[in-house]
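See structure below.
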Amino acid sequence: MPQPDRVSALGVPDPAGLDDDLKAIWAKCVEKLGFVPNVFNTYSLKPQRLRNFMQMYNEIMLSPSGLSKLEREMVAVVVSSANRCYYCLVAHGAAVRALSGDPELGEMMALNYRVATLDARQRAMLDFAWKLTTAPNLVDDADRDGLKAAGLTPEDIFDLSETVAFFNLSNRMASATDMMPNREYHRQTR
Amino acid sequence: MPQPDRVSALGVPDPAGLDDDLKAIWAKCVEKLGFVPNVFNTYSLKPQRLRNFMQMYNEIMLSPSGLSKLEREMVAVVVSSANRCYYCLVAHGAAVRALSGDPELGEMMALNYRVATLDARQRAMLDFAWKLTTAPNLVDDADRDGLKAAGLTPEDIFDLSETVAFFNLSNRMASATDMMPNREYHRQTR
Amino acid sequence: MPQPDRVSALGVPDPAGLDDDLKAIWAKCVEKLGFVPNVFNTYSLKPQRLRNFMQMYNEIMLSPSGLSKLEREMVAVVVSSANRCYYCLVAHGAAVRALSGDPELGEMMALNYRVATLDARQRAMLDFAWKLTTAPNLVDDADRDGLKAAGLTPEDIFDLSETVAFFNLSNRMASATDMMPNREYHRQTR
Amino acid sequence: MPQPDRVSALGVPDPAGLDDDLKAIWAKCVEKLGFVPNVFNTYSLKPQRLRNFMQMYNEIMLSPSGLSKLEREMVAVVVSSANRCYYCLVAHGAAVRALSGDPELGEMMALNYRVATLDARQRAMLDFAWKLTTAPNLVDDADRDGLKAAGLTPEDIFDLSETVAFFNLSNRMASATDMMPNREYHRQTR
Amino acid sequence: MPQPDRVSALGVPDPAGLDDDLKAIWAKCVEKLGFVPNVFNTYSLKPQRLRNFMQMYNEIMLSPSGLSKLEREMVAVVVSSANRCYYCLVAHGAAVRALSGDPELGEMMALNYRVATLDARQRAMLDFAWKLTTAPNLVDDADRDGLKAAGLTPEDIFDLSETVAFFNLSNRMASATDMMPNREYHRQTR
Amino acid sequence: MPQPDRVSALGVPDPAGLDDDLKAIWAKCVEKLGFVPNVFNTYSLKPQRLRNFMQMYNEIMLSPSGLSKLEREMVAVVVSSANRCYYCLVAHGAAVRALSGDPELGEMMALNYRVATLDARQRAMLDFAWKLTTAPNLVDDADRDGLKAAGLTPEDIFDLSETVAFFNLSNRMASATDMMPNREYHRQTR
């Protein structure tokens, strides 16, 4: 049975009715990506929520940080793997493939990051991401000390933690709304 | 052994060095609450992250919604209970007590919401919050249909989901940084 | 919705019909505490069971031991936290607050004991309590050796274990009967 | 490697030094069973604790109740199976075999009670025992209503619950002390 | 860091030393697939084990059955998703993509099959596969009746069960030996 | 209620209709064991599947290996204990009793292997079996190194892993078909 076209179980407003700032973003997405990511379509049900989400996303994923953009995407995918979030695994798995140029790495992050050969710093970051996602109440000084021993500064730990935290938010928005990733992601950087 | 004073395991910058907009917020907190919530102190390590966090928080918890402010705080506490987040249970448990005027309700939300006597709509919201927190990959149409049957509109489901999602973010920031709640919360509305 | 008055889902016999020894205990409770704890009301459905429960409780929690009364109450609350037992968290959380004079410590024990700053001996006791509660089949010599290294004698380990075991009993009686704590506990030592 | 003789990891006092009431019980055990159950030997480290344990045990397992003695032993074994308690599975598995005359039933209770063919009332009791043991915080009115629909009175539910609760206590004492069952149990009623 | 070439943590014998029947299979694989699947390389450490594995695999996955070959591959991937088996997700994910011609379906099976739109019969098969993998002791008549209601015969249930069982075997061989999938799979049918 | 006679929920074909090779095996079982194991009766629904199963079983459990036959049966029982598989615990528990001459060891393997006194090599094998069964995705080099440190060669690790893997298959076939062990096992070597 072919998968039907769908975006969000809560419905998506007609983009023609969006405010101008959002219309401009829609146009820019089409220009740069060829499509509007469905997380935007889904969030457009509540426009101010969408603005806040994009603002936070851009700061966490794109602003200067001790973690590279690839590392932040790797963290995003590992968190989404722990939560089995289809949308984020597809969209950010594509980002790992694109930023690393290594399709195998993207699959490893999505399916079981423990099989990947990584340097100690990245492995420590991903182990922390998994634990903070699946058992946040067990995180303690030993975990933070492990990150410091692997070379992370307090600011790096903050950025790592917020990346983990943010995808725990976005994974749940995707699951709650049955958000479907745009099909274009599947073919990227294979 | 008396509990030592502490705020965040990642350290807190001197507030004297904060930007003016944040200094103004600090002053307003002291004026209205008598203290600056430690989540702000913790986040001030990265000022723009703090601004985004406050903006998202205010929209989710304080803007008009089909969920009352008390209901949103109840959801916040139930999510934090599932994640056993000390900071959020203390701070938002106080909010449930204050908004409801019912200290018993606050304790029930923090310790085991299933013992509370609630109307069907609130119970459905809290069951959804628990499931979306602990097993997001299992959420499906049956869960959304249950919320609709309890009277929630798609916009209400969006707001509920984002509240759940947001506290899954903030719980993890608190656990990752060993964030300590201000002691003033403990005595409020007992 | 205000929480309704209730004690036990199995019903509570009229105290006027109790045997004289129990009536005397009821009177003493009212005199000393201002109320009869609802665990007694619940158990009065089967009077001999109540007598045995009180006898075991008094020996475990009040008789001389290498563990202080406060430490035994801390263990009681941590076990009840693992089991999310509303009755015992409310009643014994109040006891931790009263015996320690530290309301913050009571909240930490109830919500996530791992955030508390404790000496190594108490931390070892609470870690053992958590493991013996949640994964008793995994307890082995390494755990007992850890307690000995923290200074506990075999008799102390016996007392610690029986405290853990007893609250695993009482937590389940409370959950099975939907036992509600007396409201007076909520306000004590805040 | 043959299994070494052992009773309790906390050590067992010389029975010659026991109080007379306990010596009399030891003698009676030898007379009736051929041996002193190791739970008594283990508990004799703290004689008053032993007395309370025996008193509670006798009331729960042997006094008149709407649950037959076999049913209470079946519950004991199912709880011990959930907790994987070696001592209680061996000792009470033997009791199920003896009371039922059906060695197969004893094995089913110990290994996976769901494979047994049981009447609806017994199956409801064992399902309740499993849930109250493994997820006590999820027990609610639906569970109690299920027991009532299967014919249990409030007093029966009390007795069932206390049996479950008691073996959650004794399983943990056995695991905490590495209590070994007497070898005589293995051969009984095979 | 580029992923190093590796096949099995237990080492792989020189194929030049293989028995003739296995050499013939190696040659056929190269001819038809372009490579020898690493599961064969890994198993060649014990040649007779490899023969038995191939024989069982061919019967389960390729012989006539009420389940189509695509359905059997979908079951294989869902089992491997529950077990987070990297090798089997990569190799059999490629098979789902190839047999269905639908890359999206392959991703859904690997990442979270619950998001897929499926007919009731296939959904029932995959729900059974998940439960039999993650909680085999809870499978009971209600599960088998559900399969029958969805149209499966006893023989179909046998075939479905053996497919689930077989991938629970092969997932564990892959995890135990750190078996790496051939890189060719990643690019197939994208 | 006496347990009814039953073999498999999927039904068992009349043995009179079996192929001659299987009839010969049936006759040999009756001659040597006094009965046809119900796993054969269950599998006879699909004769070629049965042949493959027997072939793999014989190779894994009976062919020369660095693991003794008793050790392989101990592994079989520990895997079946983790999966709570009634059939395999009964049938292979009997095998442990028979091969070791130690009924206590059989019970320990079935109920909680951690209570057994074992040499370091056997304990390492059983710990690996438990982990590979319950959390295969977490098995990594540290686990394999532990086995090597305990004296296992790569071939031994292969054999151990395949034994674990095979019983994860057979446990699921037993649970899926509600396979009942022949009653003769219960009385053997008690």
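Some points to look at:
Note that the chains are named A, B, C, D, E and F in the order they appear, and that numbering of residues resets to 1 at the start of each chain.
Definition applied: a contact is a pair of C-beta atoms (placed from the backbone, for glycine too) under 8 Å apart; a residue touches a chain by one contact, two chains touch by 3 or more.
Please read all numbers here as calculations on a predicted model, not as lab measurements.
Across the two candidate interfaces, B-D and A-B, the one carrying more C-beta contacts is A-B. Comparing the centres of all chains, each the average of its CA atoms, the largest separation from chain D belongs to A.
Of all residue numbers used where chain D meets chain F, over half belong to both copies. The two sides are thus made of the same residues.
Between chain A and chain F, the centres computed from C-alpha atoms are 44 Å apart.
Centre-to-centre separation between chain A and chain E, using Cα means, comes to 29 Å. With centres defined as mean CA coordinates, chain F is found 22 Å away from chain E. Shared interface positions of chain E, defined as residues touching 2 or more other chains, are 84-85, 112, 137, 140, 178. Here, these are the chain pairs in contact: A-B, A-C, A-E, A-F, B-C, B-D, B-E, C-D, C-F, D-E, D-F, E-F.
Every residue of chain B that touches chain E in the complex is listed here, in rising order: 137-138, 140. The residues of chain B lying in touch with chain D in their complex are 112, 114. Contact residues of chain C toward chain B in the complex are 1-4, 81, 84-86, 89-90, 102-105, 107-108, 110-112, 115-119, 122, 178, 180, 183, 186-187, 190. Across the complex, chain B meets chain A through its residues 9-11, 45-46, 48-49, 52-53, 55-56, 59-60, 63, 83-85, 132-133, 136-137, 139-141, 144, 154-155, 157-159, 161-162, 164-166, 168-173, 175-178.
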